[in-house]
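One chain, chain A, links the two complexes that follow: it is found with chain B in the first and with chain C in the second.
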Partner chain A sequence: MTIRAIEKVSVGQNGLGAFILQCKKMDIHYCDYSGSSRGMNAFIKSQLSNFAKAHPQIEFAVSPRPRKHPVLIGHYINGRTKSICVKNMDSLQVLKKAQLLRDASGEKNKRVNKPVTSISESVRGVWSPYHGNGMVV
Partner chain B sequence: MSRSLLRSVLELRTPITRLPPTFLLPVRARALSTTLQQVEPEIPPRGVPAQTTAPPERSSAAASAPTTTSPFPPPPPAPFQAGLSDSVSQLLPLLRAQPGHYVTVHIHGRPYLVTAGDQVRLPFLMSGVNPGDVLRLDRASVLGSRDYTLKGSPWIDGSLFECRAVVLGVESEPLRVKIKTKRRNRRSQRVKSKHRYTILRISELKVMGP
Partner chain C sequence: MRRIPRLKRPSASGLSISSINPFSSTPQPRSASSPSKPSHLARLYSSDNQPVPRSLAPSPQEQENHVAAQYSLQDTPSHQYHLYKPPPPRSYASPSDEVSDPSYAPATTSAGLETVGDLAGWWDKSEHWSEASDFVGFRPREKVVDSLSIEAAVRRAVIEAFALQQVGKEDILTQVWPVGGVEELRRVIQLDLKSTETGHVSLEGDVAEVARGLQWEASAPEAAQTTPRLDSTELLRLRNAWDISWKRVPLVDPRIKFAVTKRIFQLTGQLVPDHALSDATNVVGLLHIVQKPPKPKTLTEEIQKEGKDLINLPNVTVATKRVTRGDKEQALGRLKLMQEELRKRDLPLEGHGFARKNRELAQLQGGM
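Here is the complex of A and B:
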């Protein structure tokens, strides 16, 4: 007799019941010296505090990375990371990139043809030729 | 010390000084920056009420507003027990009693057949919403269960059902590269595009009873 795992009763779906933001952590790397992180430094000084205050569910880690371009790295619940190099951007552009990381789900970019994806069973059922009144040929 | 202070002041000032004040901007830029809902005046917000960022309490209060202001045949403003035809008032409790329901909601004129728990990837980037916002979708053409179907002409009454969706976030697609060429010419142009899409989760679908 084979050992079978207990089947799951239900599958968790984000937004059904509770909503959980998928971005859990954001790493912010800057350099004090180089000019490419001038906008990043301005972002950290002026806008980061408001952005972090508006998103208490994200952990923000600011750390220097000398002699390198500034980078934003988002860590997601599904285990993936998404990193964006923000060299030579001004602070508003960096803010837009941070919002992009916040809105992302952490999945890989995919092309999807059908707008609706569902895991629930069809409401109307599947058509069967053996049921119903039948058709006279 | 003073040099670093000066540099930080300059850094803080750069994005602000890049744009002159609004009255110095050209006319088109000023109009764009102040336009609110006048982009498509002939197309009303169909599936989504205008207050898309509203929390559930506010959205449910504002949900009946677009149905009454739309140019489409308006649903009866009275409570729906009075305005419904006999067959609907007879059969709606039967539809409600069946376990599963689906609804065809229309967002910007496009139909999406959804049940509770489905994920919808809208073919556009919805502006003014953040992840976690709840939208009340009140424009639907078909509402049904396994054996019963309520068809609207063209829309069913917004007070007969409650359909809510949670904004999950924004997804993107792989970069599309289209190579454009002209005949008898060696030059070829690579046109790149990368669209962004808003993701919704249908969190609730409820058929209201009399």
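Here is the complex of A and C:
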């Protein structure tokens, strides 16, 4: 007899019925004086208002960080953070990075090398060497 | 705190303060063997012991005059003491072998001896300096940023420059002019200034009186520290009466342009940058430069001025200063608990940044 895992009542599938954005907060740091923040400052001045208006579920905290390169830090509901240095980028590139942080799940990056992924349980069950009839070598 | 004495007249060359040595309580005559410095070298050679090059050393006759001048200062101390209060005169203890008290024995250690004190901090205290010793610059203390006031100052400068040209006193154009009071301002800007398409400028009114008022008199009482201002309603009323052609007045003559920009700097503190001088070919161009609002210094200032929609969003917070660890704790409500625990353990409540970074570097650079 094979071991059977405890049957799940439900499987979390974000987006099926309701979608909860995983990014809950975004820190936006810039410097007033250094040239590497030029694109970031332009992003804050021109594009951040529209981006923030489109994502009311994300909290945006804009604060200066003098003498440092500009950084975007995303905070996720799983407790993790993801930060991206956007030094010397123009405002459109910074916007792309903000969209990347918005779309990220907050999980560590995993290598996906299988063509199909599924959340369904395997019909064969989990193999165990102590069960079954055994195999004569 | 270093003090620079008040300049009585910007072009004054010889000032009595140049011969005052601030490190001694009374002026001491120098010995004839060491070459004393002439007053025009006082700024180049800061140390008394530094040798003066032979070519620059004063002649014996000059030295005599210099010493005589110092003695004359010593005779009339009130002449120099109107700028500062000198420290109390030095007192000297009698040498140990001349003490009359038979029980006197010279000390071998400093323990228990009375501290006499020195000049440390004497010149840094403001009460030892009179008001007259404050530095008075050419630029006004407060920069004028109001557009109407700047326009009035530009009109005044243009009228004054052309008035001097009209009466033939062009040598005064490059000199310093007295600031005057509100009455002078009102009188000058009400003069009728017109220009034609060909660039001819006509100035009507009491031009000679305006030109006379621009003559700097050394014996005249000192000019007011604040530049005269008119209120906006009066300025608006006056501006409506001005002929519109005054803004076409050409500023191609470099002497006129220099006089006008110098006067604007003196009245408003608005300095026309060198690279923009070529754009100021007439009054409109000049007004465009000096009336330009100052650039915001920080991004938050700019956002507060122009990006109101960003600030008004409920999910956006904009901090004007760096958000520290303490600020984050405070936002969470954890700071009070931490302070309470620190108090219980008698630990310092200095918070973030109480420990200075890189103390060694500060010490190497001469700090404590």
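Throughout what follows, the second predicted complex is superposed on the first by the 99 of 137 C-alpha atoms of A that agree within 3 Å, B and C clash if a C-alpha of one lies under 4 Å from a C-alpha of the other, contacts with A are read in each partner's own complex, and residues count from 1 in each chain.
Everything that follows uses one rule, which is that contacts are C-beta pairs under 8 Å (C-beta built on N, C-alpha and C of every residue); 3 or more make two chains touch, one makes a residue touch a chain.
The model shown is predicted, which means the values in this text are computed figures rather than measured ones.
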item	value
Touched partner set for A:12, first chain B, second chain C, both or neither	neither
Touched partner set for A:30, first chain B, second chain C, both or neither	second
Which of chain B and chain C A:66 touches, first, second, both or neither	second
Touching partner for A:38 - first (chain B), second (chain C), both, neither	first
Chain B versus chain C as contact partner of A:79, first or second or both or neither	neither
Touched partner set for A:56, first chain B, second chain C, both or neither	second
First, second, both or neither for A:129, with chain B first and chain C second	neither
Partner contacting more residues of chain A (chain B vs chain C)	B
Common interface positions of chain A, toward chain B and toward chain C	41, 45
List of chain C residues in touch with chain A within their complex	297-300, 302-303, 306-307, 309-310, 313-323
Residues of chain A defined as touching chain C within the complex	30, 32, 41, 44-45, 48-49, 52-53, 55-66
Chain B-touching residues of chain A, taken from the complex the two chains share	13-17, 19, 21-22, 38-39, 41-42, 45-46, 90-92, 100, 102-105, 107, 109-112, 115-121, 123-125
Footprint of chain A on chain B - complex, ascending	8, 11-12, 14-15, 18, 100-102, 110, 112-123, 130-132, 144-146, 166, 168-174, 199, 201, 203
